[in-house]
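Shared between the two complexes below is chain A, which has chain B as its partner in the first and chain C in the second.
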Partner chain A sequence: MNDMTLLERKVETQDIKIEARNVQVHYGNTHAIKDVNVKIEDKTVTAFIGPSGCGKSTFLRCMNRMNDTIQACKVSGNILLDGEDIYDKRVDPVQLRAKVGMVFQKPNPFPKSIYDNVAYGPKIHGLYNTKSELDEIVETALRRAAIWDEVKDRLNAPGTGLSGGQQQRLCIARAVATAPEVLLMDEPCSALDPIATAQVEELIDELRQGFSVVIVTHSMQQAARVSQRTAFFHLGNLVEFGETGHVFTNPQDARTESYITGRIG
Partner chain B sequence: MTTFWLISCLILLSTAGFALGRHRALVSAGGQVRNLHSLPSYYGTNVALSISVPPLAVLSVWLLAQPLFIESHVAAMIPLEMIPENVNLSLVMSDVRRVSEGLDIAIYQGLMSAGEVEILDSEASDLRGRLGDLGIALGSDVRPEILDAARRYRTMSHDGRLMMTIVVGLFALVGFSRSYGQTDKDYRARNAVERGGMALLIVAASLAILTTIGIVYSMLFETINFFGLHNWRDFFFGTTWAPNFRGDSELSILPLLWGTLYISFIALLVAVPIGLFAAIYLSEYANTATRSFAKPLLEILAGIPTIVYGLFALLTIGPMLVRVFGRGDDGLLGVEWMTGATSVLTAGLVMGIMLIPFVSSLSDDIINAVPQSMRDGSLGLGATKSETVRQVVIPAALPGIVGAVLLAASRAIGETMIVVMGAGAIANFSGNPLESMTTITTRIVSQLTGDTDFASPETLVAFALGMALFVLTLGLNILALYIVRTYREQYD
Partner chain C sequence: MSHITKEAHGGSLLAQSARTKKRNAAETRFKAFGIAAIAVSLLMLFVLVTTIIGKGWGAYQQTFITLQVELLEKKLDKKGNRNLSDIKKVSTFGYAPLIKSAVTAKVEELGVETGLKSKQLVGLLSKGAAAQLRDFVINNPDRIGDTVEFRFLASSRVDGYLKGRVHRESIDNDKNISPAQLDLVDALVLAGVVEKTFNIDFIIGADASDQRPEAAGMGVAMLGSLSMMMVVLALSLPIGVGASIYLEEFAPKNWLTDIIEVNISNLAAVPSIVFGILGLAVFINYMHLPMSAPLVGGLVLTLMTLPTIIISTRAALSAVPSSIRDAALGIGASRMQAVFHHVLPLAAPGILTGTIIGLAQALGETAPLLLIGMVGFIASNAPDTIAEGLMSPNSAMPAQIYEWAKRADPAFYERAWGGIILLLLFLVTMNTVAVILRRRFERRW
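This part shows the complex of A and B:
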């Protein structure tokens, strides 16, 4: 807990990166997210926890407008990235997603080589001028995702041939290569074994130096290990949001306490 | 007893067997279903199957084998000099069959008695006239040898049928007594019926395979005949297709193969982009409402008979192309490149239209099989929809799409009606798509229709062409399946 209080002090000095105001999400007739207000800070790991179906993944997907691809989904309220509403008509969701990257539950490398997987984002957005610059971006991204040493000799091998944990780190490298400002992670470790999970968690902590990370997780231990801030969702409501240490040791809401202690969920 | 009555009896018997078996099982369990190993209906079915299936199997084999056996026997009775030149044995045998059939009818109608038939003398009685009255027309007067053979044929058929009835009945009886005897509360009737069901499925599967083998075998036989009459070098390496029914024809597959491949190529040039783009629109861009009416509409194209496409080629596309590329100064382009409505382009365009739903519906299934997570990954990196489709979805679906295209190609190569009506009949080695050309399938049709002589290479070449076509499309299908299988698992 000593470690956590240290981090806590650091956290309080950060700027607000994303601010959600009165966000409502409807899937057809289902009211999936009810009036959520939350402030995500820069250079911080924020964890969303809660029982299955509580809306945490839905809310995460609102932050880079991935829900646009689902026809039945309607979002209202405001989500501000650096003070600008991302649901404004002038905002191009494609550009937004380059700034707010995403890592998914199941590793989803493209059926391309490892190199091309990482180079995908930079190629689309034209983030380089020369081939050597691209090589550098790829190497940096793979190093930041802590997978460089494992794949540097086989960059042309297909990304789908890696192990599950390696694939997920490759996907993180792919997201990092696009130079996002925020990285959204939707249960990034749910398909991984404990060793790979530990590697990815370590990685998340390092990534915090560069940008703000939002992670959805089912594992409360994981939330406690990697995050500085925790939000607890229940049945579409944001029940509690605060500094991770506080949420876990001294929850204000009875529902949070029940969930953390394993009585609901 | 006729076959129809025999089968009816078997059905009746097995229905009775069902009831009996069911009853016996129930009795053995003291009326309590829970004491039985299987449900009562399984015991009934087991008995019914034992009564019907083996006799039916014997029956069908017997029906196939008996005529063969009798004919080979009777054919031996006909002296060789009876067979005139240029007439083969099967013609004489069909006379024999007709006479014996006529005798049967005569007896049935009471014109002759069975005893009278035995002592019938072909020279004394006007058999041809008498049979003619019964509606059996014979080509010539019945000769004594034929009459003898017909008599023999008749008696053998009768004896054979009697034997068949007895054997089938015996099998039914044995089946009944065995399965009925076995029926007991501990007998595993459910498993026995299960095995019966499996056997049924195996029979169905092997019938399909055997039919394929039979088709290939029959074609192979005639193909070998053809190569006995015609030089294989001319067939495979000649350059001219000029059948000539007085003999001395040049029968080379190459001009036909060229026409076939050229037309198929144009068809694919039309069908692949349009079909693929339609599939991409339907699976990636269209919303559920659009998709739910656009997809069935597109698939209606697949239900149009190819002869209708042929008419479309002949009446609409052909004249339209002539208006564009022909008619000199009256035409749209003011050129005189095309004279008739039939051309490679006409057939190719229409065949391409025919293949659109084929390509699109296969590609649509394949594109839908690309996991959504792959698209999410790309969209999540800030790619647009079309970038995602081009760089992620299509590469992932490519092996399947290649497979779909190859399947479409093999359909194009085997397509007949459109090319018969749209492509013309002149075998021609030319690169000009506005000229008439002909294809393998068209030539098969024309070589086999009309007056044909199955001893001449001009007719038999149809089988060699058919065989070549079969090998070609089989090769394409195998290649398509191989590609699809090899690369499929990668993304599952």
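This part shows the complex of A and C:
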């Protein structure tokens, strides 16, 4: 933990973007998430940390209802996005996911051109009127994902031909292009080398200007580097949630302390 | 210290230990078995292909006899007014004397002493010769009175003699041909009147009656097969792919879908004749669709092909990594968009291959056609329209082959082998197309 640099970040009080109240998740007979309450602020990076299998990814996937695709998964409690319950019967998960974008652990570009990868979201959501508008959306998204300079000359090349780090940034650009309000990232750097990781981390900090970002990570250093708020999960419980600096330097719970000092997990 | 009591890895690395020798010997034996198995199957394939080609090649060659026939006006158009309806009143029976005199004239011209009666002389020609003559006259009434050169099909015995199928020793009990007739054939061959050429009629022509194996062709049966394949493709591809997409991507996983899944697999293993009797009961007896029609054949084969297509499509769909679905869903695509924009294009090569293999299977299927009457029917004309091709009675390639193989005349036996060559060519072509499509559309992710 020596190389960890904790800046005294000034965390401004922000609007609450997502609020989870008494969320329980069951996978068949397994109780995966136990009574989690958390408030995620707008224009903030929130990191979920915890040992493998603690439920942090499960909880992340609850926030844009990607868990709906898993039949055995049952969610109860409320998750409010801007005060609206996303598990309300009237909510169409497809509409929700346009607002709450997601970047996955493994880079998963479509086997199409770089341009088509980014343009797909705007296309299905009808976010443009003319071809030049679409070009602009694609360029903006690629720029925000800090990959424009690398790919601007080969927008028609397949997205799968890029390196791992480039692919992940392309996926971020794809998610950004649909203009979401929240960006969920499920261990976005776990398949990347240190240089690509550094690039993506820098990018996450940039993205904070526009969205609320929630990132699940295995690496405590990463959480410390990119996030303003950190939540520590253990065995399905939200053990501790607070300002990143506080959680790492002054953990309130013994389990958090054990985890960040490397004794569990 | 080590708890292994036996000496574990003692000895020099340069010398093989007993265990290593044993393992290597087992591996060598296994490789030898594999090579032997491949060699045996290659040998079988070679024998199969050479036998089929050797026996079937004869069907692609046919013997013709060229004769000058005088189209006598007093026989063909007594009134002399070239009125087509009057000309049509003359049956093939009325043309027989013209052929008789043409053959006799040829024999006299060559100066061969045969001692054969005129009936035996005409016996060298196919029984369809008079019909061929009549068709020509009806189409060209202005040629009546002229002497016209015709290429008549030789009778199957003469054809067989020239192809080496009929021997002088083997015809003792054959009332259709005599040694004297064969002598005459030899003389005609010397005179250059008899020729053996490529038999395009076998590929494009229709089947013929028991009396005229020399005129039988596969063409109409091929059209029958083609019509059936159109029905199978038009029905089984959309239904099969649609059902697979629903089952694989949308249907909830519960006991009901489990039962459906098991039963689709079971259907793939049901003997095809069962589908045939089902088709007979449902399509013909209940729905009163026409007997022997390629439409019904196509429906029956669709039932048979559907499980194959569903199983291969589901395999192709489930081989698409779920990260692609997640990616699409994660940016707000609906399930259907995720499937149709991303999953289906990636699964397409597998679906196409499965479909073509299913079709190839259906193309070679004979048993269900037995039960719906597509065997034993002689379609003497090619259908004129697609609707007629679907609804009018026809046969199919394998059924036609079966039909020929069970006829008594060995000349038909040769046709059956020839038909198998055509059928195999079709299947090889379809499988090649499947491989090419797979190579071309396969994409990596």
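By our rule, the second predicted complex is superposed on the first by the 254 of 265 C-alpha atoms of A that agree within 3 Å, B and C clash if a C-alpha of one lies under 4 Å from a C-alpha of the other, contacts with A are read in each partner's own complex, and residues count from 1 in each chain.
The rule is simple: contacts are C-beta pairs under 8 Å (C-beta built on N, C-alpha and C of every residue); 3 or more make two chains touch, one makes a residue touch a chain.
Everything quoted here is computed from the prediction, not taken from an experiment.
For the composite obtained by superposing both complexes on chain A, the positions of chain B and chain C are in clash. When the two complexes are overlaid on their common chain A, residue A:128 makes contact with neither chain B nor chain C. By the touch criterion defined above, A:71 lies against chain B and chain C together after alignment on the C-alpha atoms of chain A. Look at A:148: by the touch rule set out above, it reaches neither chain B nor chain C.
Contacts of A:87 after superposition: neither chain B nor chain C is touched.
In the superposed model, A:98 lies in contact with both chain B and chain C. By the touch criterion stated above, A:27 is placed in contact with neither chain B nor chain C.
On chain A, the patch touched by chain B and the patch touched by chain C overlap at residues 64, 66, 69, 71, 94-99, 101-104, 106, 108-111, 120-121, 124-125, 160, 171, 174-175, 178. The residues of chain B lying in touch with chain A in their complex are 287-288, 371, 373-384, 387, 391-392, 395-396, 490-491.
The residues of chain A lying in touch with chain B in their complex are 64, 66, 69, 71, 94-99, 101-104, 106, 108-112, 120-121, 124-125, 158, 160, 171, 174-175, 178. Those residues of chain A lying in contact with chain C across their complex are 64, 66, 69, 71, 94-99, 101-104, 106, 108-111, 120-121, 124-125, 160, 171, 174-175, 177-178. The touching residues of chain C, when paired with chain A in their complex, are 252-253, 321, 323-334, 337, 341-342, 346, 443-445.
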